[in-house]
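Pasting the structures here.
In what follows, chain A forms one complex with chain B and a second complex with chain C.
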Partner chain A sequence: MGSVTATVAPPTGAHVTPWFRTFGAIAAAGFRRHATYRQAAVAGLCTNTVFGFLRCYVFLAATGAAGTVAGYDRAQLATFVWAGQGLLAVIAIWGWTDLADRIRTGEVAADLLRPVHPVTSYLATDLGRAGFASLARLVPPLVVGPFFFAVYLPRHWATVPLFLLSALLAVVVCFGCRYLVNATAYWLQDVRGPMILWTLGSGVLAGLYFPLGFLPGPLEAVLRYATPFPSILQVPLDVLVEREPMSTGLTLIGVQAGWAVLLLALCRLVQRRAERRLVVQGG
Partner chain B sequence: MAERGSAPGVAERGSAPGVADLAGLRAYRALLGAQARSQAAYRTSFVVDLVGNVGATVFDVVTVLVIFGVTRELGGFTLRETLVVVGLSSCGFATADLLVGNIERLPRYVRTGLFDAVLVRPLGALPQLLLMDLPLRKLSRAVFGLAVLLFALVSADIDWTPGRVALAVAAPPAAAVFFGSVFVMTATVSFYWVDSGELANAVTYGGRDFTSYPITVYGGWFRALFAYGMGFAFVSYHPALALLGRADPLGLPSWAGWAAPGVAVVAAALAALAWRVGVRHYRSTGS
Partner chain C sequence: MSVIEMDGLRKEFTVRVKAGPLRREKRTVTAVDGVDLRVERGEMLGCIGPNGAGKSTTLKMLTGVLTPSAGRARVCGLRPVADRTRLALRIGVVFGQRSQLWWDLPLRDSFDLLRHVYRVRAGEHAARLARCRDLLDLDAFLDTPVRQLSLGQRMRGELTAALLHGPEVLFLDEPTIGLDVVSKQAVRGFLAELGRAGDTTLVLTTHDLADIERLCRRLVVIDHGRVVHDGSIAELHRRYGSRRMVVAELDAALPEPPVLPGAPVQRVEADGRRLVFALERASVAEVVAGLAGLTTLRDISIVEPDIEEVVARLYRAPAALMDAP
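For the complex of A and B:
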């Protein structure tokens, strides 16, 4: 018996409108699915708030008498922390094992039979999820933070749209990383090892535990331009608090876009390689 | 629980109470042994887990070091002094996380109905849950936490007296008991609210982060709530002050550090009470 390719050939040029419609429908489904977990969202918000207080106090203590540290003043740090706690849920940095679970159980076979490429359909679902999270999880910390800390409000009108663009790219870059980590299940079955490495590495290198500006300058530069990690959290936050001139912000968003394209291409490549060796157990 | 009989296939038919207790003990040991064997069966996975788990605690300490890279003191404390606080906190937390931390899976057990199976077995529910997946991979974390504490104690220039030696020995287990109680107490919330997992994280992991720094860095009602409302000040901050021989900038008398074991005992009693009430309240999800 000859072999068959599981993924159906993607629709080409003339089908752009239906493609967008499908993408939109999957994203809307992702939004609705996560909108049903309201209690979990509330519980998550409490956690974000507690960590907002903890990180904010610690970083503010580090500013000392000078009132600034690593290019942030006290208000900028406060915004950095509280927006970061909200963004954390939007990019869903941890805890996504849907794909790995489906690969392990063999349910991924159903994904491969659909006329939409798996990377595309998972990305659409994730963008829908991020859409709900940006309403339910990003807005509340941005509202709560200013009640207790002096926060920094952007001075330039273009900062807010740039922040939104940067946050969107951050979701895509983070999705790409998570997809690759999950896809190791095609080879390893058990993804706990890669998942632990991702959880550890992403938290530190993305700027969650401390702003990467606290590190020596050259080290921060290497992380920013040569790894995707700052692109998933630190970059949108730096754009929001206008830590650097607008031109640097635009460059960093360009770097994010580069990582987004590169990672999605890599996801598709990995997916194609994986489908060649995937054996779904059972009948 | 010993009178209710013995675990099938594990313990012998003991009729005298003493024998039954022994049988229970043997059952627990069998559970633990099975866990150890099953976790060590996939050796590579286990080693990766050991390394990965130590990583989390390493990064907590690295964070403190990085922050001290941009400032000379934090809340009026130097790096060496802060490391004593960090050491007490991470040693206590890692030990509690190893022994009791898996209770945070309780929401899943409640949702899937596994907790029903646990309840019908003739052994205590809490020890069973803890032994059912005792995460031996977290051993590396506890060892690292202890190493940080020892390093901090050696490098902090402590004026050792018999009393301080006793406190240095008693404070880490007290911190572990305290964190363990917090783990149990927050997990019992899931008897009432299944989706509360993240809420528990706010107190357990939030408490770990809170106790990693001198409480002088925090302010206002937030400090009052975590430090004295929940008692986290007695985990690492006050014992560290007593060890270092420093007066509390916030004005509590110096004996506060010695209260740590007492606070831990009170927390454990409250946790036991909360657990009992929670189990009584438990209604199976029915599926």
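For the complex of A and C:
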């Protein structure tokens, strides 16, 4: 039994390379875990596609005879909708209750017993999930859309890499928001209330139900800079359709990065507070 | 230095209870009420107690999951809550009713992920995994997703997962709960083997006293959040008056149950042809001699004290009657 027991002092230092290796391994596991549910991916894809047609026709109708609305032309709106339909699954805006479920059942105790901070561990898993969703859920709508609608293709070479960066930040910002909503379970046990508020608020304020450009200018500006919601969906889509000049796009990505850092810090703070008063349900 | 130290460890929870149609009152529930314990390196400690006694809560405070309301705890010289991440590298934990494996991944992938999470060198990981595969017979289901494993298979996987990083202390919270006889034997055999090696400290909570009898020389009984017994199983029997029994099968029933000094009759069965005597001060030979003078004996058997009966008596006793160890 000697080989099973402690014979070598475990590493205790905070080294950057092993940290990334651990983070990468958890992310890869997140990818594999979600890749096992292929039928769910196909079902979600079908739903996204159907709603893609619906949303696209509604938005195109809003352009009227002028052919433009809120700074978008018809092609930009089509790209906004179809890329948005794909991005929805990548950011997993709705339906993520993993943490809340584990708090409710007491399984969260197992998360706390690992030598990785729960926020880091959940973030890595979420990035792995987003990686799988990028292949299975983002690419198909981007292919389907142009078959049926005239879409806008980026004109600047930097737009696509900036869109990918913005989408990555959107995943982190969305993760931060979802983590905080789920973490209310530490206090409430039942998160249905916060979840309903999140579902409604994120749909309206992130630019899913309609592009935020449809709102009055000052209100749009307040939402863009003072709340994290547009960073979840509207910003990456605006970057992709080049609605703003490049400099504004870069500023918005900077705002996204700021929200990502702030929200992750907030998640760690909330997690620390929650652990002090944690009750492990079910003995 | 003891590998586990607890001084006046206490945990209180605040619960809200209904006190009217709209009113709720706060009430404080003491789950652990000042536990003092020392566990030495390589020791195998068994922890029993009725439901809600505070065993699991104590374990969760020692592993850093729950923050104590008062008192001091040290595990491997570390503060469980403040140093939780560092401590996690040096302890292993198995919860019988919870899983630390990834539901969607095959067992093999879960183990591989744990290697990265605990930053274990590939060689050490492979050696430990090979040993566990051998002892716990994992090969048949190593590529099965955890969600498809039976409880017994999953528990073997949990034990392996808790040991792959070579912990100094292994905490086991009801590891045999719900397992069939064969799986229980496999788990107990594995833990006994681990205990024999002597370099891993084991702390085990259970409701199955056979686990304790098979594995632990030291037994701690917790009730109402306090340690009411700390010692060997034999000491528990002595302290709570466990007695050996002599079962005498007679050829014919006696008109009256016999009165033997130091061995009162406990039960009369089979229409008076079977008598059960409790050995208090008398020896087996004295009981046999006493009976032989009264009737013809067909058979005699000796029943060792039953730990379950002792523990049941202990649980039923009012808290005030249980003096501290």
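The rule is short, and it goes like this: the second predicted complex is superposed on the first by the 266 of 283 C-alpha atoms of A that agree within 3 Å, B and C clash if a C-alpha of one lies under 4 Å from a C-alpha of the other, contacts with A are read in each partner's own complex, and residues count from 1 in each chain.
By our rule, a contact is a pair of C-beta atoms (placed from the backbone, for glycine too) under 8 Å apart; a residue touches a chain by one contact, two chains touch by 3 or more.
Everything numeric here is computed off the predicted structure, so don't read it as measured data.
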Between chain B and chain C, whom does A:Leu113 touch in the aligned arrangement: first, second, both, or neither? second
Which partner does A:Ala158 reach: the first (chain B), the second (chain C), both, or neither? neither
A:Arg21 in the overlay: touching chain B, chain C, both, or neither? Say first, second, both or neither. second
Is A:Ala29 touching anything from chain B or chain C once the two structures are fitted on A? First, second, both or neither. second
Applying the touch criterion given at the start, work out whether A:Leu200 contacts chain B, chain C, both or neither, answering first, second, both or neither. first
Now for A:Glu275: first (chain B), second (chain C), both, or neither, which partner does it touch? second
Both chain B and chain C contact which residues of chain A? 37
Which stretch or stretches of chain C touch chain A in the complex? 13, 51, 56, 60, 63-67, 81, 84-86, 88-90, 93, 95, 97-100, 102, 104-105, 109, 112-113, 116-121, 124, 127-128, 130-132, 135, 145, 163, 165-168, 193-194, 196-197, 199-200
Given the complex with chain C, which residues does chain A contribute to the contact? 1-8, 10-12, 18, 21-22, 24-26, 29, 32-34, 36-37, 106-107, 109-110, 112-117, 275-280, 282-283
Residue ranges of chain B touching chain A (in the complex, touch as defined): 42, 45, 48-49, 52-53, 55-56, 59, 62-63, 66-67, 69-75, 193, 195-199, 201-203, 206, 209-210, 213, 217-220, 222
Residue set of chain A touching chain B in the complex reads 37, 39-40, 43-44, 46-47, 49-51, 53-54, 57-64, 69-70, 148, 190, 192-193, 196-197, 200, 203-204, 209-210, 214-216
